[in-house]
Amino acid sequence: MHRGKGMKFVGDSRIPAEKKPNIPKDYSEYPGKTEAFWPNYLLKEWMIGAVFLIGFLCFTAVNPVSLEGIADPTDSGYIPLPDWYFLFLYQLLKYEYASGTFELFGNVIIPGLAFGALLLAPWLDPGPERRPSKRPVGTGLMLLATISVIYLTWEAVDQHDWEAAEEQGEILDEDDIQEVDMDHAGYEIYEEQGCIECHGEQLEGSGAAGPNLYDLPYGAEDIANISVEGIGEMPAGMFDGSDEELEIMSEYIEAEGQPNGDDDEDEDEDDEDEEDE
Amino acid sequence: MLQRIYDWVDERMDITPLWRDIADHEVPEHVNPAHHFSAFVYCFGGLTFFTVVIQFLSGMFLTMYYVPDIINAYESVMYLQSEVAFGMIVRGMHHWGASVVIVMMFLHTLRVFFTGAYKKPRELNWVVGVLIFFVILGLGFTGYLLPWDMKAYFATVVALEIAESVPVVGEMIRVLLAGHEELLGAQTLTRFFAIHVFFLPGALLGLLAAHFIMIRRQGISGPL
Amino acid sequence: MSEKEHNVSRRQFLTYTLTGVGGFMAAGMLMPMVRMAVDPVLEVGAEGDMVAVADLDELTEEPQSFPLNFEQDDGWYEAEIEETAWIYLDGDDVVALSPECTHLGCTVNWEANEDEPERFFCPCHFGLFERDGTNVPNTPPTEPLHRYEHEVRDGTVYLGRPQPQV
């Protein structure tokens, strides 16, 4: 920089009065087809960026982001899954030598070594050689790591029950949940017999485990039969109470949990609806 | 007119050297896809940065609607994506952008590794790059919880259990992240929000600045 | 007097002082903030009360899952929490197990896997537990299912908080 005597400044500031010409440097003396970053190369880069952006926006427009039901810490049946880029770590923990007594391996040591090695790669591979073929150990380990990550991700995707995952996350619309009469003897039996586990506190069902029990195409007798013999995925022998209890419960379910009408509840629901709107 | 405004400011501030320092550098032939198509592998770093810019912007705009609270977080996300015009697009940009950043960064890391570009004298820039990698993973991890839906909640439960299994300090790390000694609740959400929106982006900005300054000082590594 | 005669030169002294004052300012700013951030780690947990869960005559030899409700403080929220416990009779003794898998906290179910009768099964990483909660070797969990502290009064089973059984 030009300093010292003879320099002129703008007013009493430290801004030099002499201006440098505002032109790009000349790179013609550089080897090969070197070009200026600004504006020559940047324009090309931005054209690639624009194409990339269009693709990205199109993808975004046709792929709405899923939002599952609101977090419910008490939903014990939920099978969790991390976002896809953590799947390889998640999958690692399923293997025998990365879990159980070897838990430390899977949770801490293997990821720690892998990421530690990545961080310290310049010192683990300090030779001056840059070509991958001239440093086979480093290249081999990196290839191995890359393949393992891809394989583990693949395995995790493959082993996951995506249909069940979709069902379990389904948003239960609040309007679909009906208030049931929880003081009725039928409800007590419903609860005692464990029907509540899969079919929910309000007979609303719970995603993958069991459907809701509203508006069933069965009469009370059919419901009683299903309770004892099972249907579809529901195993037989779920009910083991007396015949009398069975009758009370199946009539209760047939009435959709409201054997005595439900005047008060309806009003409450209407109020909520108005607030929502 | 614009030129006159520029000249007026330049006379008082001498801004030309400021931006010419950033703009004036050469791009060698071997990284320029216009000359060698195979040089497209050198684009991944730039695309990572571009997507990070998208993330910063879309994230800033999402906070106009988002509330980090266990009662309202879910409702606010639901509202912004179903009621607000283009809400789903902006949330989509942030959501899918996160995946794109990870993919691009992974490819960029592989490119740098297999071209041996981290060798002397560029060791420090590699380290900063890997730190950026960790920060991005941290952003992905903390951001996943924020919508407070089922998958967000239970994925984080599992992640915190993993953190807890670290010997000696595991329990402490878990509580520090969760903000509560046993559950994952209101204080976890505010913590993750703060980390996702302030702490990690701040760290990311600093690291990115260091990354770029080092590239400019050392220049792009030569052809193989 | 030249600077070399001093043990600590003038410039060194200034640098040390500057570092000291800078350190003081940084510490002064950060101390309250960090203390606030780590507060949950240093907080001492409160003892929970026993909660009535089931009647003694409801229990069988077969583990059944019972809901239990308790008050929970979650920062500025106080919530009524519903958990479940697997409860069964072992002779005259009541056993109440937490359904939380000791591997990564998923939820186990009694005989949920058809190939593994008489065992608790965790769908996440295929963890297995015996009837008494002991983890089956060579599956991911490393410790038995946690056991609820329990108490039987007047034919009613009361549960406390789950404790590791090691």
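First chain written, first letter: the chains are A, B and C, and each begins at residue 1.
Everything below uses one rule, namely that contacts are C-beta pairs under 8 Å (C-beta built on N, C-alpha and C of every residue); 3 or more make two chains touch, one makes a residue touch a chain.
Just so you know, these numbers come straight off a predicted model, no measurement behind them.
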item	value
Chain whose mean Cα position lies farthest from chain C	B
Distance-to-centre winner among chains (Cα means, whole assembly as reference)	A
Distance between the centres, which are taken as Cα means, of chain C and chain B, whole angstrom	32
Averaged-CA centre spacing for the pair chain B and chain A, given as whole angstrom	19
Distance between the centres, which are taken as Cα means, of chain C and chain A, whole angstrom	24
Chain C residues counted as touching two or more neighbouring chains	103-104, 106, 124
Chain A, residues touching no fewer than two other chains	73, 78-80, 93, 103
Sites on chain B at which at least two other chains make contact	70, 157-158, 162, 183, 185
Parts of chain B lying in touch with chain A, wherever the complex brings them together	10-14, 16-17, 20, 23-30, 32-35, 43, 46-47, 50-51, 54, 70, 74-75, 77-78, 81, 88-89, 91-93, 95-100, 102, 109-110, 113-120, 122-123, 126-127, 130-131, 133-134, 137, 140-141, 144, 147-155, 157-159, 162, 165-167, 183-185, 221, 224
Contact footprint of chain B on chain A as seen in their complex	10, 13, 15-16, 19-20, 22, 24-25, 27, 30-41, 44-45, 48-49, 52-53, 56-57, 59-61, 63-65, 67-73, 75, 78-86, 89-90, 93, 103-104, 107-108, 115, 118-123, 125-132, 135, 138-139, 142, 146, 168-169
Footprint of chain C on chain A - complex, ascending	73-74, 76-80, 93-94, 96, 99-101, 103, 192, 194, 197
Footprint of chain A on chain C - complex, ascending	58, 64-65, 81-84, 99, 103-104, 106-107, 109, 123-126, 135, 137-142
Touch list for chain C against partner chain B, complex	37-38, 40-41, 43, 45, 72, 74-77, 103-106, 124
